[in-house]
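Here chain A shows up in two complexes: once beside chain B, once beside chain C.
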Partner chain A sequence: MIEIEALHHSIGKAPILNGVDLVIPEGGMTALIGPNGAGKSTLLSLVARLRKIQSGHIRVAGHAVGQVSDQDLARVLAVMPQETRVSARLRVADLVSFGRYPWHRGRPGKADHAIVDRALERFSLDPLRERFLDEISGGQKQRAFAALAYAQDTPYLLLDEPLNNLDIAAARDLMRLMRELADEEGRTIVIVLHDINYAAAFADRLVVMKDGRIAAQGTPGDVITDTMIGEVFGTQAGVRMVDGRPVVIV
Partner chain B sequence: MRLFGLGLLALMAICSLFLGVADVAPGDVFRDAEARALIWESRLPRTLAAMLAGAGLAITGQIMQLLARNRFVEPMTAGAGQSAALGILVITLLVPGAPIWAKMVASSGAALVSSLGLMALIRPLPPTQPLLVPLVALVYGGVIGAVVTFVAYQGDMMQFLGVWLTGELSGVLRGRYELLWIAAIASAATFLIADRLTLLSLGEDTARTLGVNVGRITAAAIVAVSVVTALVVVTLGAIPFVGLVVPNLVVRMAGDNLRRALPLTALAGALIVLVADMLGRWIRAPYEVPVATTISVIGALIFLVLIRRGAARV
Partner chain C sequence: MSGRLAILAAVLVLSALAYMVLKAQGPWSFLLPYRATKLAALILVGVALSVATVMFQTVTANRILTPSLMGFDALYVLVLTLLVHSLGASGYAQIGAAWLFAGNLAAMSVLGLVLFAGLMRLAGGDMVRLVLCGIVLGLLIRALTEFLQRMIDPSEFQMVQSLSFARFTQIDGTLLALSFVAIAVALVLAWRLRHRMDVLALGDAAATGLGEPPARLQRQALILICVLVAAATALVGPLASGGFGPSSFFGLIVTAFAHIVTPSHRHAVLIPSAALIGAVILVGGQLVMERLLGFQTPLTVVIELIGGAVFLILLIKRRAA
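Now for the complex of A and B:
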């Protein structure tokens, strides 16, 4: 469970989060959606302790973020950051194997290699394992970073707009994989998404943010309505039900 | 690859023992006590010094490139080298008879301060402009170099300055290069944090989410870079280009996984400085060309080739 209490955050003088209270239950996939500048990525990076908490509290599986050491939290929480532009010339297999670092601290064992192999296979990276990161496509790179987070083998997985720059096939594949991780391995997945339709199609729960506050939360069917789209996103896009789930007509 | 490199290095090291003004043939070692003394007192220290300095400079170059996230910087020309010279200069002016360890501490401290300054300076530069970092580093090194020259001029030390700013090995004797072993230990110690440094090259955020203490590792790396640079300047003088060219060569082949790359980097660095010094001894024997000069020529050529070949990729 991720518990967020009275979280305020500003960058410079601009307030980004204005008192966020949120509980993300264990298991399943929770998507954070909202217009640009709503504070989704800031919220995620605060949970991931990539920014210092200014006021408020966050607990991940009982660990108080900001007090627990980076090393301990690395065994609870994996993060796929938004920006995966990396200048380092690393092989795909090496990159993914660094996901095991929090567990072996530099001395990988048999079990670590097995998990890395599984990650490579699961994310269809096996044919690319000896390629350097600067020799593969943007989508493949994105997948490699997702595999890195997967190999970290943590109960919680945070992804910040992982579908950026992905074509429809790659985006659907990645979301389906995340869905599998939630269903088969019982991981708790929190994902920031831009595209409401992807969120509605794959996530169990949506958390809608606007102006640094939680505007709505619940199942996709409950949350995605004409009114919500109008109020939160400020645009008149119709919502239709297709196969029992809401679809925003763009 | 490594075995071949080690073999080549060993071969070159043996050749280096028998290359110099005084003719010593390998057989003389067993017959002639004087030849043995020459090798023991001069040739062997010189050969070791070249290899130790080369390995250290190459490793610290690679580490600085990783910290700066830029392939075109190296400590020797980016302020650390000049500051090390400034440190020695100032301590020599203030305490004329300062022992060697005091010079070492002063130059390491000065190199450390300037490395921290450089990191602070390049941190806000946009990663979309990769050439800004080397430009800023070059200007930064140039400014510190100008301060060094000014202080030396005021203190009437211009002649000494040449000794520190142009690295050469002709003065290396037993008892006068051993500080380089400390540099070698500092370089080797970076191998212990190789994994964490590689993680750092994935970006600070990714490193933190994988449990790396980013601040501590960065600090350790900067200390190692500064100490090695300063010790080379104190014992031999500044040797440019090694830290720039060698890591760039190695990265092409072995990538940035430091655990794999660092041994190769050390090997290649040792080899290139040793060969450059041997060339310097041979080109216009019985006179010598400083190793800093030969390495600049070799390094600049290699670097031009690298840039041309890699232009499509950078």
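Now for the complex of A and C:
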């Protein structure tokens, strides 16, 4: 369970989060959606302690973020950041191996290698394992970072706009994989998404943000309505039900 | 990789042996200790500067800027000038070598840390800005030093001059022992950071996610870098500013070679590889210049030439990181 309490955050003088209270239950996939600048990514990076909490509290599985040691938290929560800048020249397999770092702190064992192999296979990176990161496409790189987070083998997995730069096939593959992780391995997945339709198709719960606050939350069917789209996103896109789930007509 | 490291080690041993015995003119009883001291200084400086550069490049996530390039050795002259200026030439001469070393080490470590930390903040994660700011900072330190040197009296100036040339020829025994201890301690600590430094190369966000937040690790690494460069500089003098001794490009050449000879992201490989290459370049270079060619030309000139070319190639070749 991720518990967020009275979270305020500003960057420079601009307030980004204005009192967020949110409980994300264990298991399943929760998608954070909202217009640009709503504070989704900031919220995610605060939970993942990529930013320092200015005021408010966050607890992940009972661990208070900011107080629990970074090493311990790395075994509870993995994050796939939006922007990744690797300065070293790495092969795909090397990158994914880093996922095991929180567990072995530099001395990988047999079990670690096995998990890395499984991650490479699961994310269809086996054929690319010996390729350097600068020799693969943006989508493949994205997948490699997702595999890195997967190999970290944590009960909580946070992804910050993982579908950026992905074509429809790659985006669907990645979302389906995340769905599998939630269903088969019981992981709690929190994902920031831009595309409401992907959120509606794959997530169990949606959290809608606007102006640094939670505007709505619930199942896709409950949350995604003509009125919500109008109020939160400020555009008149119609919502239709297709196969029992809402689809926004763009 | 370990095979390549072994080859590098063998090359170093061979060049060290050759340096000791080739072209012996004079009694061995004089030559051996004299050459051994010089050899020890060369290896010590080579290793310290190379390891410092590897760590610096990881901490700043770039492969172009080095501590010397941003004027770290010039800082030594600045500290020296300040000391001579405030104590006077006679006062300076009265302080023992050990105290001077300690004072220099402390002053350079503190100033270096402030400088590096300021640089990182100025750059804000932008590689191009980092390199530019680094070079400008280096120029600033040099200009400041020159300005100070113009203000002190001529006899003091001469003293600074004589002290601020890199001097592999006249190595003080006490100084050698002191810098050996400082460098050895820093190297052991650097070695213990090797796995954590690997993670740092993944970028700030990814490193934090893996439980290795960069800020603390960067500070630890910067302190070690400061001690390494300061100890090496205090031993043989500034390497870049006077144009004697190895040059500002030394670290750059070493890391570029290390990435070619042992292409790995792991610091467990990069650190020993760069250390060995650094020592080989200094010992081997000195061997070739002094013994084989009989040149009086300082090694710097050659390193500067090759280093300039490497610098340009690196700049042109890589757009990012």
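Definition applied: the second predicted complex is superposed on the first by the 248 of 250 C-alpha atoms of A that agree within 3 Å, B and C clash if a C-alpha of one lies under 4 Å from a C-alpha of the other, contacts with A are read in each partner's own complex, and residues count from 1 in each chain.
The definition used in the following text is that contacts are C-beta pairs under 8 Å (C-beta built on N, C-alpha and C of every residue); 3 or more make two chains touch, one makes a residue touch a chain.
Please read all numbers here as calculations on a predicted model, not as lab measurements.
Novice: Between chain B (first) and chain C (second), which does A:V247 come into contact with in this model arrangement: first, second, both, or neither?
Specialist: A:V247: touches no partner chain.
Novice: Using the touch definition from the top, say if A:D70 reaches chain B (first), chain C (second), both or neither.
Specialist: After superposing on A, A:D70 lies in contact with both chain B and chain C.
Novice: Is A:V239 in contact with chain B, with chain C, with both, or with neither (first, second, both, neither)?
Specialist: It touches nothing on chain B or chain C.
Novice: When the two structures are overlaid on chain A, which partner does A:A170 contact: first (chain B), second (chain C), both, or neither?
Specialist: neither
Novice: After lining up the shared chain so the two structures overlap, which partner does A:Q152 touch, if you call chain B first and chain C second: first, second, both or neither?
Specialist: Both partners.
Novice: Based on the A-chain superposition described above, do chain B and chain C contact any of the same residues on chain A, and if so which?
Specialist: 45, 48-50, 69-75, 78-79, 81, 83, 85-90, 94-95, 98-99, 101-102, 106, 148, 152
Novice: For the complex, which residues does chain A have touching chain B?
Specialist: Of all residues in chain A, those touching chain B are 45, 48-50, 69-75, 77-79, 81, 83, 85-91, 94-95, 98-99, 101-102, 106, 132, 134, 148, 152.
Novice: Which residues, counting only chain C, touch chain A once they are in their complex?
Specialist: So the residues of chain C in touch with chain A come to 58, 61-63, 125, 194-196, 198-199, 201-206, 208-213, 259, 263, 265, 321.
Novice: Can you check the complex and tell me which residues of chain B touch chain A?
Specialist: My answer: residues 66, 69-71, 127, 195, 198-199, 201-203, 205-206, 208-213, 251, 255-257, 313.
Novice: Can you name the residues of chain A that touch chain C in the complex?
Specialist: 45, 48-50, 69-75, 78-90, 94-95, 98-99, 101-102, 105-107, 145, 148-149, 152
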